[in-house]
Each structure stands twice: as C-alpha cells, then as structure tokens.
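The structures come next, written out as structure tokens.
Each of the next two complexes has subunit A plus one other chain: subunit B in the first, subunit C in the second.
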Partner chain A sequence: MMARATTSHAQTTPGDPFVVVEGLGKRYGANWAMKELTFDVRPGEIFGIIGPNGAGKSTTIKILAGLIAPTTGTVTVGGLQVEDPVHKMRIGYLPEESPLYEDMTPLSYLRFFAELYEVPRDVADRRIDDSLAALKLDVRDEKKIGDLSKGMRRKVAIARSLINDPDLLIYDEPASGLDPVASAYILDLVQELSRRGKTVVFSAHNLYHVERICDRVLIVRQGSVIAQGTMAEIRASTRSTRYTVTTDVPFMGAEETARGFAMTVTDFAEVHGIEEQVKDKGGRIIDVREEEVSLEEIFLRHAAN
Partner chain B sequence: MVSFSALGAIAKKEFVGIFRERTILLAIVIQVFVAAFSSFLVVGLSALVDPSAIPDYTEPVVATNGTSRAAEVLAAEGLDVRYYDSDENARAAFTQGAADALMLVRGPLDENGTFDVELVLPESDMLATLTLTQVKNALEVYEKELREERDGRLVQEPLYVEGDIAAGQFSFVYALLIPLLVFLPVIISGGLSADSLTEEVQRGTLPLLLVTPANATQVVEGKILANTAITPLLVVAWFGLLALNGFSIPWSGLFFITVLATALAWIGGILAAAIALAVRDRDRAQVLFALAFFLVLGLAMLLPVSPVNAVTLLAADSVHRGVHLVVLGSLVASLVGWGLLRSALRRAGRWMAAGES
Partner chain C sequence: MRSAARLRRVATIAKGELGRTRKQLDRKTLLGLLLFGVLGALLSPFVLGAGFDFDHDIYRAAVTADSPLRPALEADPVFRVFIVDDPAPFVDADEADLGVDRMNAFAKPTDKGKASLVALDDAVKAHTHLIMRSEPDQTAAFPVRITLSYEEQAPGAFGGGTSGALPEPIDPRAGETADEEESRLEGEGGDGTDTPSGDASAPPPSGDIDGGFSYMPQGDEPNTPGTLQPPFPFRSLLLAYAFLLPMNFIVQVYAGAILRERLGRQGEALLASPVTPMEILIGKTLPYLVLMLGISAAIALWIGAGWVSLVAVVPLVLVFLALEFIAAMFARSFRELTFLTVFASVLLTMYAFLPAAFTEVHPVALVSPISLIVLDLRGSEISLIEMLYATVPLTLVAMVLFLLGVALFREEDLFHQKPVLSKAVDAVARQVHGLGSGFWLAALFIPFVLVAELFLVAFLFAWPVQTGVLGTLVAIAFVEELFKGAPSYAAAQRGRVPMKRMLLFGALVGVGFFVAEKAFLFASLTGLFQVPAGAAVFGSAGAGALDAGIPWLVVGVLLLFPLLLHVVTACISAWGARRGRADFVVAFTSAVLLHAAYNLAILKVLGGGGLL
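== the complex of A and B ==
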C-alpha cells in the first residue's frame, strides 16, 4: 500500500532534496514495471534517468508527473505528494513524443495552456515571448502547428512546458529525433533553465546528451536501480575508470609498447601493486594515464549483464 | 484546489475547434439550407404525398375510354377526366398532349365483375409523379368503395380502421422536418464529443491536459459542454429560419423544444464520452455511439409520448401533460447521467490519463 508521507502544501527547507522517491513500485497485473526505486533530486539539478527499453523510465516519469499512481512507495516534490493538485501547478511535463493540436497556431496553443494554468494574459504573453526567444523560434505568423517542422514542434512543446513557470521540469527524451543543431539548442536551454534554479528530471536514450548535461544520473534496468550518482561516482562504483600504466621494465601481464611496457587496470590499487613489482626489478613507472569510460560503455556493460 | 477556469478554457477551445471541422461545418450548412429553404423543400416533398399543396397546382387531365365507375371516382376526387368514345381516341389525346394520363378501363371480364385498368403516364418526370400520386389516391378510394361493396363475399368479417392518416403538408413539416432538424444537432453534438475525446487519446494529447490543473472530469465536461452548446444555438436558428418560411412555432414550444434538445444532447454527450473512453478509437466510438443513440431513441419511442412525438406536439402547440413530463424526464435523466459520469471519472481519472488497463 502506498504510504501518505507528507501533508498537502508542505515546503522543503534549504538543502533538502527537491524530489524524493522512496521505495517506488508499479505493478501492471502480475508484472512489476519497477520495484523499490529510491532516489532524490536536488534543487536546480539536472537529473538523468537512463536504462534500456522496458526498464521503467517512462513509468517513473509518468508517476513524477502525477499521471499514474504508484503501487508502492512515495514520491514528493517540493514537499508535496504528486497526488496534490498544487503539484500540477509546479511542474512542466514534456512527453517523449510531441503531441500537439495540429490545427492550432503555436500562439493560440500556448495561450490555451496558459489559461489552463490560470496565467494572466500579459504574464503569459511575456513568458511565451521569453521562451520563443530562448528557443530561437519565430512563430509570429499564422502558420498552424501541423505545418511546422519536427524541431519547431518540439520547441513549441518545450515552450508549453514552461508556460506556468514550473519549479520542476520532467522531460522525457527532449532532444529525441532532432537534428544536431536543434538538439544542441534544447540541451543548452535545459542547462540554462537549471542555472535559473529549475530542477530537471531528464530521461534520454542518447547517453551523450545525458553525460553532457546531467549533474547526476540514475541507471535502471528491469525496474531496479543499477547505479546512481554523479558521473565520477558512477565510474568509481562501477570501476569504470581505466588506468594505463607504462613502465621501463617488463612485469607480469604487461605488453611491450614503443615507450616501454604497458598494462591497463580498472582499480587504482593495482597501480600500486605494479609499482612494487617494477621497483623489485630495478625499474620505475614512466607514466600512468587515467581514462574515463563513457556512460555509454558503462550502460552497455550493465545492459549486457 | 479546483480550477473552474480550466473547464472554461477547455470548453472555449473545443467550441472554437468545432468551427474548424470542415465536415461538421458542411453538415451545419446543409441543415441551414434545409431550414432556410424549408418552404421550397416542404412544397416539393409534401407534393409527393399531397400534390394539392403546390401553389397554383392544376389537377391533371386524364383521358379515358367512355364512362366507368373508376372514371367517375377520379372525377369525384377532383381530377379532370375527359371521356372519349374509344381506346384509340383516348390514346391519341394522351399522345398529342391533350391529357396528362391515359386510363383505359375494360370489363367486366367475368361474372365476378373483374375489370382491367390500364394506366399510361408520361416517362419519368415531376408531372408524371404527381399525376400518378393523384390517380393512385383516387383509385384507392375506388378500391375502398369496391371492398365495402363486396365485403359480403368475404368469409370472415373485415376489420375497419377508423379515419384516414393523411400525410399532408402539416404532418410533413411537424412530424418529420422539425424533429429531423431538432435531432440532427443532438446526434452531431454527441458525435463531436466522441471524436474529440478519441482524438485526444489517439493523438496523445490527453496526458498533457491532465498534468495541468484540469482534472479528468473537467476535460470531459468541457468537451461535452462545448459540443452540447451547438444544439440550442442550431435549434433556435432552425426555428428562426422556419418562421421566415412561414412555419411559426409558439414561443413556449420553442422554449421547451430547446430545453428538451439540450438535455438530450447532454445525455448524448455523456453516452458518447463513455463510449469514447471505453473503446479509445474514433471510428469504433462513432459507430457504437450512433447505434447506442438510436437504440435509446428507439426504446424511448415505446413511451406513450416519446421525445420525437414531444417535439412534434410542442411545435404544433398541441401540448398536454405527457409532453411536459418528457421534457422534465429528459432533464432529470441528463442530471442523473451527469452524476454518474462525474462519479466514474473521479474513479477512472488516472486510468484515463495513462491508458492503463
């Protein structure tokens, strides 16, 4: 059963995580989409959720947006449960696709959502102008959304997610399927929003995007957490930093190279072991090169497991 | 926190969207055409059952071969019967255009008094149709006369029906045209609600509405509200156009018909919304809604006064207690339906958003 952990309209204190997810589980019939998912997101942070298809990313995103109810666990955003109607006023949600009303113009579409959020017309128009300028999107003509390119439609969808000036942005694949230029604009905008104090929960298949802009990352597989933290923490916890040690004398397992004898290890303690070996042989370490494994490699390693 | 402005925003967007739907606009334009030219339409269509309704209509001329009881009945029924002394002369009068129809009567052919009647009409045109209708009506009178005259030959006692049901101009306008004009907006508004909701589901825009302060109830109610609003507007417009064409409806009748139509459109909208959210497919929802609507209407026809009859009686200023009960019953049914819808949406709101099963 889902616990009711917080009272309505509760606020967080400085330093508290903005999003707190504890023991989250969602069951569809006999199958669990996720189980015992626990993580938190700090204010102003860009938090990435990655995982293979069916890992439970979209379900997590939908629960955060208040669209579906969890089977177990609690989710609070800014001290409010996601079931609280006030929660809706404080989030901006962007689903993976950009479903829009094709027969509306971008302006009428954005004003319609402003009305839903009860944003006064002058404030709404100012926000629309700001968003469109930030997204480098000129839709002042009467062109219908159905006539816009995919990139422009995505930008309209992002402008819609900002119309209520939300504290938390929940973005599912925001740059998915866009050309590199449009993707770059959108990723830059997400970073800019984070700099302005918005908290962003971000799901993506493109691990380069995640690695580029996310402060912390959650890797999920089959509904369970594999790893989470900053990229450095994840690399450490998954032994994903490689050290290539080059020496002037041969040692066990080393390969001869142009510069000497080299070996790659994943634990820094092994570097000390090598140092001891070569000292005994009267040699020395010429170079230790640290190489960071990409998120993609870490992810693939976990996916393969 | 309940956002009433969300309901208004959704209803406003939906209402504006109706006028972007080309199919709906076309349907409305056709209805406007029907109502605006109702006098022309009524004259044309009712002429098929009552040609005397045509202004300046002159009875068709029927050429016949000598006197006969059939010819006498035709003359008594107002047709201009011209008698000729032979089949050939009567036929010549018809072929030369001196007569609109030719009726050759031969007999009696046997001891039972069997006659052979040959009726010749010009090739298909409006006049032929009108002449046929007139001659057919007159011959039916003759047939009735013969049946009564010869009922002694029957083994069993015949059953006589009191009075004739004449499908004249009055019955055409009040029993057919007006209910048609009133019920078309009702079914259109329900169809629009079904369309709109299934589009939100199929297009994936529904979750975007539900992450705003609008809840599932407001989204559905806003859509039904906007689509129902076209019904009273169209009903009042139809009656205005009918009045311009000389078919007046009493103010009280207009009021109660508008209330009845609006209540029925609201019920239709609720029915359509329930079907749309259950099947989540535009085409299937439309078919099921149309079937359900006509099933409910068909069942309502079993009542002593059905909504269709009530519209006719209200329009014809022939109101009795049963008619007001139908209007009141429809209002109560619309409120009960509304309550059921709200209750269901409160339970199924999240399911509706995510499409979970």
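== the complex of A and C ==
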C-alpha cells in the first residue's frame, strides 16, 4: 500500500487555501504569457487548469513548481513562497513530457532522486515498491528506462513525483499520450492520492479527465481567467445550464415540435418571461427540461470567443 | 548540516553523471582509447629519446673507396652510400643520385641531383666541424671565439630597437644590437668563465629537456655561426601538449552530456528538485575535473614533470571546462556545439601555446600556464609571483564563466531555443540586481579584460613597434569598452530604466572597472608594462607610474584621469544602451574612439611618443 500522506510541513491553518496565487503575471520579452491570474487551491483538492494552446497553463504549472520566476504577483504553497528552497522539498512535479535518463533502470532512477530529496534508502525503497505496485509497473531493475514503453516511462515519472511524499502534486498533462487503460490508472491514482490528503493541481487537454476527477476547475484563455470554481459554479457563471421550455401555444421565437412549441434558453429568468407570454395567450407551460452543458462545450464556447 | 546535505547532493549528481557517461561509452570505444593511450605511452619515450628523424637514406651516393669525402657521406644519414670503382655509370644509369670519386662530385641535372649536391656541401661542413672539434689544439682549430648568451629579454630591450625613446636596457651590453642575441668578443682562447647566468657556454640546466635539439651549444662545445638556431623549447612544448591532448576528448564528452540533457529536457526534473543550479553544475563537472586532473597527474609522472606542471594544468583544466560549459549552455544543437567547442579549443590552445614559445626569452610568455610547464620541464626556477601571474587570471576567468553559465541554469534558458547573443546578454542580465551590480559586474569582467589584453600583448609584441603599439591602443580600447558596455546593454534589456538611473548605472560600471583594474597590478609586479605593447595596455592605466618611482600623491592625482575616462565612456555606452540597439552601436564606437585617443595622448605625455 502507498504510504499515508502527511501534511506535517504545511504552515496553513485548517480551512485556509493550500495554494494561493495572486495577480500572477509572466512576461517573455514584450509578450505576456499571463496577466493578473488569481486563484486558490484548497488542501486535498484536485484542481484542474484548462485552456486552449498558448493560454498559459504550462507557464502557470511551472511557476507553481518553482521552475519559472513570475514577472508579477505572488504564489504561496502551504504558506511558503515558491522561491523558498523548502518549497521544492514539498512538491512532486510531473512535466508534460517526462524525458528520463534512459540508460538508468527504473530502480536506479528513483533511488537517484530519492537521494536528492534526502529520503533514507529504506524509506525510499518502500515508497518505490508502493508506487510501482499502485501504478502496476512490474519493471524495477530488469530493463533500462530507454527500453520501456511510453506508458511505462510515464509511470516511472509519476513514481518519481511521489518519492519525497509531497504535499502538493503538480502534474502537467499527466495522462497525455497514454492509452485509455493507462490513463484510467493514472486518473484513479490521482483520485486516490487526493483521498489521502494530497493536494493536486493539474492541467489537461482532455476535458473528460478534468470533469471526471477535478473538484474545481480554472479556465484560462490568453493568459487571463475566464471562469473558475466547481463544475456547478462554472455552469452557473457561464450560463451553461440550458432550459428547454415547451408550451401548448406559440410564442415569440418558439419552434413547433411534436409536443407543442419549444424554445431553449440559458437563463432561468427567461423561463418566467415565456410563462408570462403564454399566460396572456391563454396557454401554459407543458414542460421545462434542464440540461447541463459539458465542460468541453463550455470550453469550446470560450475558445471561440 | 546544510553544507553536508549540499555535499551529499553534489556527490549524488556526480555519481549519476559518471555512471551515465560510463554507460554511454561502449566497451569497444573505451578499449580503443585505452590501447591508443598505452601505445602512445610506450612509443613516446623512444620518440623523445631519439628525436624526430625523417631524413634517412634520401640520396643514393655512389662513392669510390679512396674518396676523401667518403667519411663525410657515411656520417650523414641522408645518404645511402655504395662503394664502387667508378661512380659515373651508376649516375648515368640513374642508379645513384650523386657520384663522388677521388677528385669530383657530380650529379644528374635533376632537382634531386642538385639537392644531393647541396646536402653533400652540408655534410662536408658538418664533418669538417667535427674534425676541428676533435683537434687537440682548439685554439688553433678555432682562433676566434664568440660566446653566445641567450638571456631573458630585459625590460626595455624589445624588438625593433630603433627608437631613441626606448628605456635603457638593464644590461648595458644588450644595447649593442637590440634584437639580436647579445654577443661579446672574448678574444682568443677565452674560456668563458665570466659568462653571465644563462650563458650558452655554461652547461645547460640538468633538466634541460630541449638540449637535444641543440639550439644552444652544449657545454663548452664551440659552434660555427651557421649551426646556431634561435631558442625554441620544441620538446618541452611537445611534452606540454601531452597535457592538453586528452583534455580535448574529455571536454567533448562533458559538453555533449550537458547539451544532451538540455535538448532532451531530462534536466527539468532536476530543476524541480531541491538541488540548486550551482550544485547541479558542480556535480556534473566534478567527474570530468577529477578525471582530467588524474590524467594530468599521470602524464606529469610519465614525462617526469614536477608539481609545478600539475599546478599549471589546473587553470587550463578549469578554463577548458568552463568554456565547454558555456558552449553547451549557448548551443542550440550538436552542430552548433561542435562549432563552439572547436572555437573554444582553438582559442585556448592559441592562448596556451603562442606565448609559451617565448619561454625564457620574454616575460610575456608567462601569460600562459604552459610556460610554467616548459620551465618546470627545463628545470628552471619559478618564483611565486610568476606562478600566480600565469595561473590566477585564467582561474578567475574560469570562475566567472561558470558563474555566468550557471545564471542560465533555469528552465527559460535551458530548454528554449535562443540565439547565442541573446543568451549571452541573458547571462549578464541575470547578474543585474540594482545599481550596485554595475560596479560588481564591471569588476567581475576584469579577469576577462586582463586575459584578452595579455593575449593581445603576446600577439602584438613581436610586431614592428609602431604597428604593434597603435594596434594595441585601439584593440585595448575596444576590449575594455566592450566589457564596460556589456553590463549596461544587459541592464537595458531587462526592462525600461529611466535615463538618469541608467547613466548612474553606467558611472558605477566605470568606477567598478577602474577599481578592479587597479587591483590587478600584475603588470607592475612583473615589469610587463615595459614591453611596448604592454606599456600601451597597462601604462595608460597608470600602473607604470608606480614602477617609475613617482610619489604616491602624484600617482593618486594621475589615477583620476583613467577614472574619469572609464566613467565617461561607460556613461556614453549606458546612454546608447538605454536608447536602443542602433544608438548603442554608435555610442559604443564613440566610447572606443575616445578611449583610444586618450591612450594615445597619455602615451605621448608619458614620453612614449617615440614608440609611434
């Protein structure tokens, strides 16, 4: 079994956000990759960042991992600035592409990083065993990493991100390029880690993955926040719940259907407007059907904008 | 506690790097390299013991047994001698290049035939000289004796020697012929007992490894003028190259490993770990540094060099690694890396070997640590000052290069394709943290300036005096302004800075440059500035005044001028940098011209006008 996650290093009080990002901006030359990005992540939460290519997702992820210094704004993790050297001891980072040292075996590679994180050998070996078992990776020292499949390498990289038993996992496209079975394993693992108290921030292109496992989502476009919150909050804020109203008399904008006259609206207030209209004509509302829009549709709608 | 953790992390990275490099080199390559090394080690003592001799049996000589020239021909290995009764038919039949009978020497009218006659002439002269030397009455054999003395060139006794404004040489005898070897008529039968140190008639130092090339007469042996050759420590240089040869291979592997990790992005996980860029750099460099020093120690043992040679190798190893590290940090592909590493290798080899050819002839040779190795191999005494002079500047250059390189050890520079110039600017810009960094950056660049200027001195000192001095004045101004302009340009690239603040930054660059430059009074310590090119470099900086016995107060007032110059020209460059790239080019050129004009004026004021 995997070692129980602890948050002994965390310097936040219960209820406080674990990750706080305020006014984050990053400029490359004359171009801003992102501007005024503000969000927070609660302890034990799975937080997804989505957005089209070039939206600033990877830059945000890298700033959180302490790899890139922001131009403006601040980022604190567990009360510590990301520039603090201790920060890197408490995070597990998985880049979008995870090239590994191909001439090492998975075991020697993971032990190498365990030494860098100053994890005692016996503890490291136990964690390696747990991680590889959870990821269903049965290769330890028999093969070099260069001889492993892409999915297996990804699993080794994930095992590396867990070697220091981090409080915060920062994953950039964790299931990218993997087959559905391997993706499912990884998503299950992320959920399992969250259940054990780990905070997870990850970016993804596959919106189904985000919708499936994320507690909250941040949608970014051209370096700015479009929407953030739980899926329900996002739907509400982006008017992403559709109401199809069917009446027995025609009204302005309605289409005739088999059951009567119907129209789809995104604001519930409009339903009341329709009700008023048909009452005046001596009719009534037969049916109001509520339909939730997928994250993908919300995303596409924003991307199109 | 924290230091111990750092050391552990460095050791882990070093161990990982070593393991990976070992695995990347296949066994056959390693075996081949090992065999190559063993073969070289086995053959070299024979080569060095016997010297290079490529001139065996070039000409076929048909000689009669009673010919008086026969012994001369037989003594010269270029001839393959056949004893015949009549040589003419052999020459006619093209079975011999040269025919020699009792009375005549003749050859076919071909190029080779003519060359064989010239070789015969040389052989006869050499044989005659040998006979004369074996004469019991040497006074009769050599009625006039000239003792030739090769001395280290005294300050002021430089090449050309035509200017009346030159300082007097230390040794009054040296003034007789300025650029020729000092010569002195001893009279008949002189025994040379009063010859100065380094006298050619005195036995060479016990460790004189270059004696076999007979550029100096051995012991008390007389020589004819035709047999004299200028001093050139060929064998010592050849042996010194043994140190550099394996380094060339090792640094390629080192640079390749750094670039591979950059292009493959394997280093990203390392950057996200608690390891600092400096720890990564040290960890990755350490195995190669230890390997290079270990090989150098083995070579030192093998060629019989002492600890001085090993000390001299350290800055070369460091600067070699630093240059390759910078090349690997700047390169965007392996093709670009090849270009940069070859460039670095050629530059370093030139810097190391060009001045070393003048070891024991001129103090300028000591700008290269190879000169220390040559001196060590020749058994000469080396002072601490000489040692510091030859090793400190290069060591500092290596340190600054590493510092600049490590500034690029971040995600944005490591894994993204940027032009070389842009990365260079980035490396400097990363060191800019407020106004004060202008001062420190300029000071940090002084070792580069010093090395570049010493290189120029070494390169230009053998030129005709006028061209050399004028070229030096402009080149030095260019080098100094380049390193003063760079911090301002980099600072301007970091973000928009108000003009007043930029000018203040420039002024601090000028002050920092001035202060650090004065801290490097190596030139004064070694008397190097008295070389004409050196005077142009360091004299204008005011360093020469100290050696001239001028009171400190006056020196202090005199130092205000170079301070003013550095501040003004640095401000000009800062002004241009703030306004944009095109304005920077114009401002920089103006600063160079102003600096060169200042150098020229100071040289004239200090009485060095005769040099021009």
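Criterion: the second predicted complex is superposed on the first by the 293 of 305 C-alpha atoms of A that agree within 3 Å, B and C clash if a C-alpha of one lies under 4 Å from a C-alpha of the other, contacts with A are read in each partner's own complex, and residues count from 1 in each chain.
Criterion: contacts are C-beta pairs under 8 Å (C-beta built on N, C-alpha and C of every residue); 3 or more make two chains touch, one makes a residue touch a chain.
Quantities reported herein were computed from a predicted structural model and do not represent experimental measurements.
K.L.:
When the two structures are laid over each other on subunit A, do subunit B and subunit C clash or fit?
P.N.:
Verdict on subunit A: clash between subunit B and subunit C.
K.L.:
Go through the superposed model and pick first if A:123 touches only subunit B, second if only subunit C, both, or neither.
P.N.:
A:123 contacts neither subunit B nor subunit C.
K.L.:
Would you sort A:232 into first (subunit B), second (subunit C), both or neither based on which partner it touches?
P.N.:
neither
K.L.:
First (subunit B), second (subunit C), both or neither: which does A:99 touch?
P.N.:
After superposition on chain A, A:99 lies in contact with both partners, subunit B and subunit C.
K.L.:
Between subunit B and subunit C, whom does A:181 touch in the aligned arrangement: first, second, both, or neither?
P.N.:
Touch partners of A:181: none, neither subunit B nor subunit C.
K.L.:
When the two structures are overlaid on chain A, which partner does A:133 contact: first (subunit B), second (subunit C), both, or neither?
P.N.:
neither
K.L.:
So subunit A touches subunit B in one structure and subunit C in the other; where do those two contact lists coincide?
P.N.:
Touching subunit B in the first complex and subunit C in the second, residues 28, 62, 65-69, 85-86, 88-89, 91, 93, 95, 97, 99-101, 103, 112-113, 115-118, 160 of subunit A appear in both lists.
K.L.:
Help me check something: in the complex, which residues belonging to subunit A touch subunit B?
P.N.:
Going through subunit A, the ones touching subunit B are 28, 62, 65-69, 85-86, 88-89, 91, 93, 95, 97, 99-101, 103, 112-113, 115-118, 160, 164.
K.L.:
Using the touch rule from the top, collect the residues of subunit A that touch subunit C in their complex.
P.N.:
Residue positions touching the partner: 28, 62, 65-69, 85-86, 88-89, 91, 93, 95, 97-101, 103-104, 108, 112-113, 115-118, 157, 160.
K.L.:
Show me the residue ranges of subunit C that touch subunit A in the complex, using the header's touch definition.
P.N.:
Contact set of subunit C toward subunit A: 5, 8-9, 12-13, 16, 19-20, 23-24, 264-266, 268-276, 410-412.
K.L.:
Mind pulling up the subunit B residues that touch subunit A in the complex?
P.N.:
1-3, 5-6, 8-10, 12-13, 17, 20, 203-205, 207-215, 350, 353-354, 356-357
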